[in-house]
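Across the two complexes that follow, chain A remains constant while its partner is chain B and subsequently chain C.
Here is the complex of A and B:
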């Protein structure tokens, strides 16, 4: 398995508050020393609650923001290439889909021209060929000819997201980063868009980074998953392993809190007390320790590194012991 | 036992600027027993929030609310004059919305707001109300109640504001709590805490809860009974177990099947094609017919009434499991 995208020791810090005389402005790390690899053709999901840094990580992986430390390589080349040409070539290979379709679409440009625009910008093919490819991709995302001359405002939320997907797919990129692509959509429309993304991935052999707070959606789409808490990855591994037997207490709390749509299984439980602290002022040691039911003194002082536990990587001092305990209980 | 809240034939009509009338809620009936949780579930535009606002008396006058009867704690609000109806609601019914940070008054302290709610429902002196407010603020799980009493909404997180909002709502022990997407804006770990809190308070106070949500997971976890809305109508209602185990209406069945599951991996989701018709262009007959695989000619002519089918009520001419 060769990695298409590799990010190592990625950090992005922001200024928190004002600069004082003789003292630099305080800073905090929205993304703090993250390593990620994405293999060609797979879907990696990045999950976490608001403020965990998942969207900031997404912009770093896309090369839309400069990391404060670390670097991102796509197919061996820096994702933020020098010069307009390198940048443009990279854009053809990596595309993005955001939650907010309003911010992604030109409100005055008809759908057809809007979807063709990437081909115009990259000067791909002659006019007739561009039009043909545009018709083909619009058909593939399920937008009929009666909609092609409409502007985005005349379309429903689900249709707008289809336009955004068509625009991203028309360049036949190798990778798409999706940041909460279905969060604004109703359940029945969400299922339609998820099916469409899956079809495109299959047909085009796409690699996907799928950023979401919705764990049920992530379980549906992901091959591998990385769980983030306050800027760090706390658990990462195959989606099946992580969802079936989460090892990090935060992942366990997260999964236990999701309401299961089955009244015969009223299992939703509160395993984490309190709320995530502000990322501006994260607790020392393990950042989850103030909310963790298993915290020991070591968790308050020593930052846990990701280490292999039960077939995935977990950043927790007590996780292995927990695992042994669970095995022991299961054996009884 | 008479239900604590009951609506018969409730409709909401709104006149648009160009002189037409749209009806976001059309002829629905609901009943809620004391201590019971009724979930109203549906997608955007189905009328669930309008229903909630109509029950709470919070719609502007421009919206016309009509009902054959609308009883709250034994009083028929439909026959009372506006002022008296408002008085009954103030005493008996509380509302919690999605956006607590904007729902609270930004220029009054949290303690002042909760104490005011106590005085409005239960009366009593300022000092007594203030003491009760501090007790409630502690009860909803806010740390250091004495400090939170003096805090303003902008100083608290979204989850803490939602707790404050709940303290305000349960002040004076109302008979009915209407919660409209009360946990939608919260992170999932905080949502679990708030849902647990509402369930605990419900048991303590014995109030009925109308929980409006788009999240079928929450419905399955907290509801006793469910009403599924589509395009302004209730299309199916009944006990939560039966609705999830054996839905009769094709929309309910489609909605449940299109849900990605946290408890198992499903490679392919079933999909309801198409989208909800716009409110000013409802088709004749069943509003779901254009998206329904079971639809026949009669569905496009006749609007099906809600009829008893086994343990549930469904508004469908060709329901699932007809033979059962």
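Here is the complex of A and C:
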């Protein structure tokens, strides 16, 4: 397994509130010391509640924002120098599908021109060749010629998302970061779009980073999962292991919150209590401890590091010992 | 993957400008369009339309009244002035001068203001502050006084005059453009362009400009009558277009002395100014209601 993308100790802090005299402006870390690796050809899902920093992490991985600390390596090269030539060339290799599909298309330009545009930007091929490639990719994402001269407003949400996917895929990138690619779509359309993404991934050997809050969706696409809570990764490992037997109490709470349609398979719910604390003023120690049903005094003072537990990495002091307890709760 | 079909024909321009929904155009707007069309024809072809040389004097036919009035001469349908020059010929040339100057001035001002607005929004920081300060300065200045001062110091040439017209009103475009670009840059399509690796010129030219052009066109139509009035005011004061060249304001200023004895000398150019600016305002209003998305539906 070779890592295509490596991020180490990635931190992105924002100024919060106004600057006061003689006091620095308060800052908070939206992403706080994240280490992440994405292997070539795999799909890594980043999951977490809204506000946990997963979208910010996405922009850092893409090089669309500069990290406050740490760095991102893509295929051994640093992803940085926003707007520079090297950065621009890297745009051909890393593409993004944003959350707000409708908004990420120009409302006045026919979709054919918008899908061809990446080729225009990077001056790939002659005009006829660009048009041919555009026709091919539009066909591949299932948009017929009768739609090509329409503007995005005249298309359905699912069709718009296909346009966005075609535009990202036409450069034949090595990696695509999808930020909540289907959360704005109907469930029925979600399945189609996810199938399209997986098909493209297979055909083009894509590496994907899939950011989502929707575990039901993630389950369909992810090879590996990283669970984020308040800017930190609390659990990461193969999707199968994490979903089957979550070790971190937060992952357990997240999974328990996913409705299970089969009453016979209903498990004991491990619920987090209360609201996530403000990232402005994160609790000391383990950031999850105020909501954690298993917290021990050590959780309040000592930040847990990611450590291997049961075939994945978990940042929890009590995780190993939890297994037994879960079994006990389930039995009750 | 073989898909042979070529892209369907391009959409009509009216559709892309958001004018696709136009059905009924009010009569008054049609009349205004007709007046402007006539003014445009005059501007382009005045030299071929005038019955006499606009500067040809005929001292024996001085102050002939216009047609239906007593003592009029069918050879001079709008009468003659104090030097016996044909008023119709002079009016055509004056209209040409005034509209050409106002049009050029408006376009130069619009381009200048729009470019500065883009620069301010793109670079922010010190560039933005300097441009915004210039905008405030321009907006706060009594521009007429400045124009008089410039004409007094620099002397009056057509280049200086055109320059003054172009500077007149640029700050409105700059202010509008800056605000629109700042908000458009936060739109998803602009962010997506950035992520695709597009340079700022491409993003601004191909995507942001077409999306913000409607308010700018509206501003253009609002500004144009102002610019005509500005030109005529300066020429009226004798600081604009110099004889032998003539403009509507200059004709008006010349006719002022003869208001009692030869009213047509002032009324004919005055009426023309009134009609052209009114028509432009009506068309501007019409375009505003149809181009401004916030006023639609």
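As a convention for this text, the second predicted complex is superposed on the first by the 312 of 332 C-alpha atoms of A that agree within 3 Å, B and C clash if a C-alpha of one lies under 4 Å from a C-alpha of the other, contacts with A are read in each partner's own complex, and residues count from 1 in each chain.
To be clear about the criterion, a contact is a pair of C-beta atoms (placed from the backbone, for glycine too) under 8 Å apart; a residue touches a chain by one contact, two chains touch by 3 or more.
Please read all numbers here as calculations on a predicted model, not as lab measurements.
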Message: So in the superposed three-chain picture, is A:76 touching just chain B, just chain C, both, or none of them (first/second/both/neither)?
response: neither
Task: Pick one for A:92: touches chain B only (first), chain C only (second), both, or neither.
output: second
Message: Taking the superposition on A as described, I'd like to know which of chain B and chain C A:84 touches: first, second, both or neither.
response: neither
- prompt: So, does A:195 touch the first partner chain B, the second partner chain C, both, or neither?
  reply: first
Message: According to the stated criteria, A:104 is in contact with first (chain B), second (chain C), both, or neither; which is it?
response: second
Query: Just chain B (first), just chain C (second), both, or neither: which does A:258 touch?
result: first
- request: Return the residues of chain A at which the contacts from chain B and from chain C coincide.
  value: none
- request: Note which residues of chain A are touching chain B in the complex, please.
  value: 49-50, 156, 158-159, 186-192, 194-195, 213-217, 219-220, 239-240, 243, 253-266, 268-273, 275-276
Task: Mind listing the chain A positions that touch chain C in their complex?
output: 62, 64, 87-92, 95-96, 98, 100, 102-110, 112, 117-118, 121-122, 131, 135-136, 138-140, 145-146, 148-149, 151, 164, 167, 171
- line: In the complex, chain C touches chain A at residues 1, 3, 5, 7-11, 16, 187-189, 191-192, 194-199, 202, 206-207, 210-211
Field: Contacting residues of chain B [partner chain A, same complex]
entry: 43-44, 157, 159-160, 187-193, 195-196, 214-223, 240-241, 244-245, 254-256, 258-263, 265-266, 268-273, 275
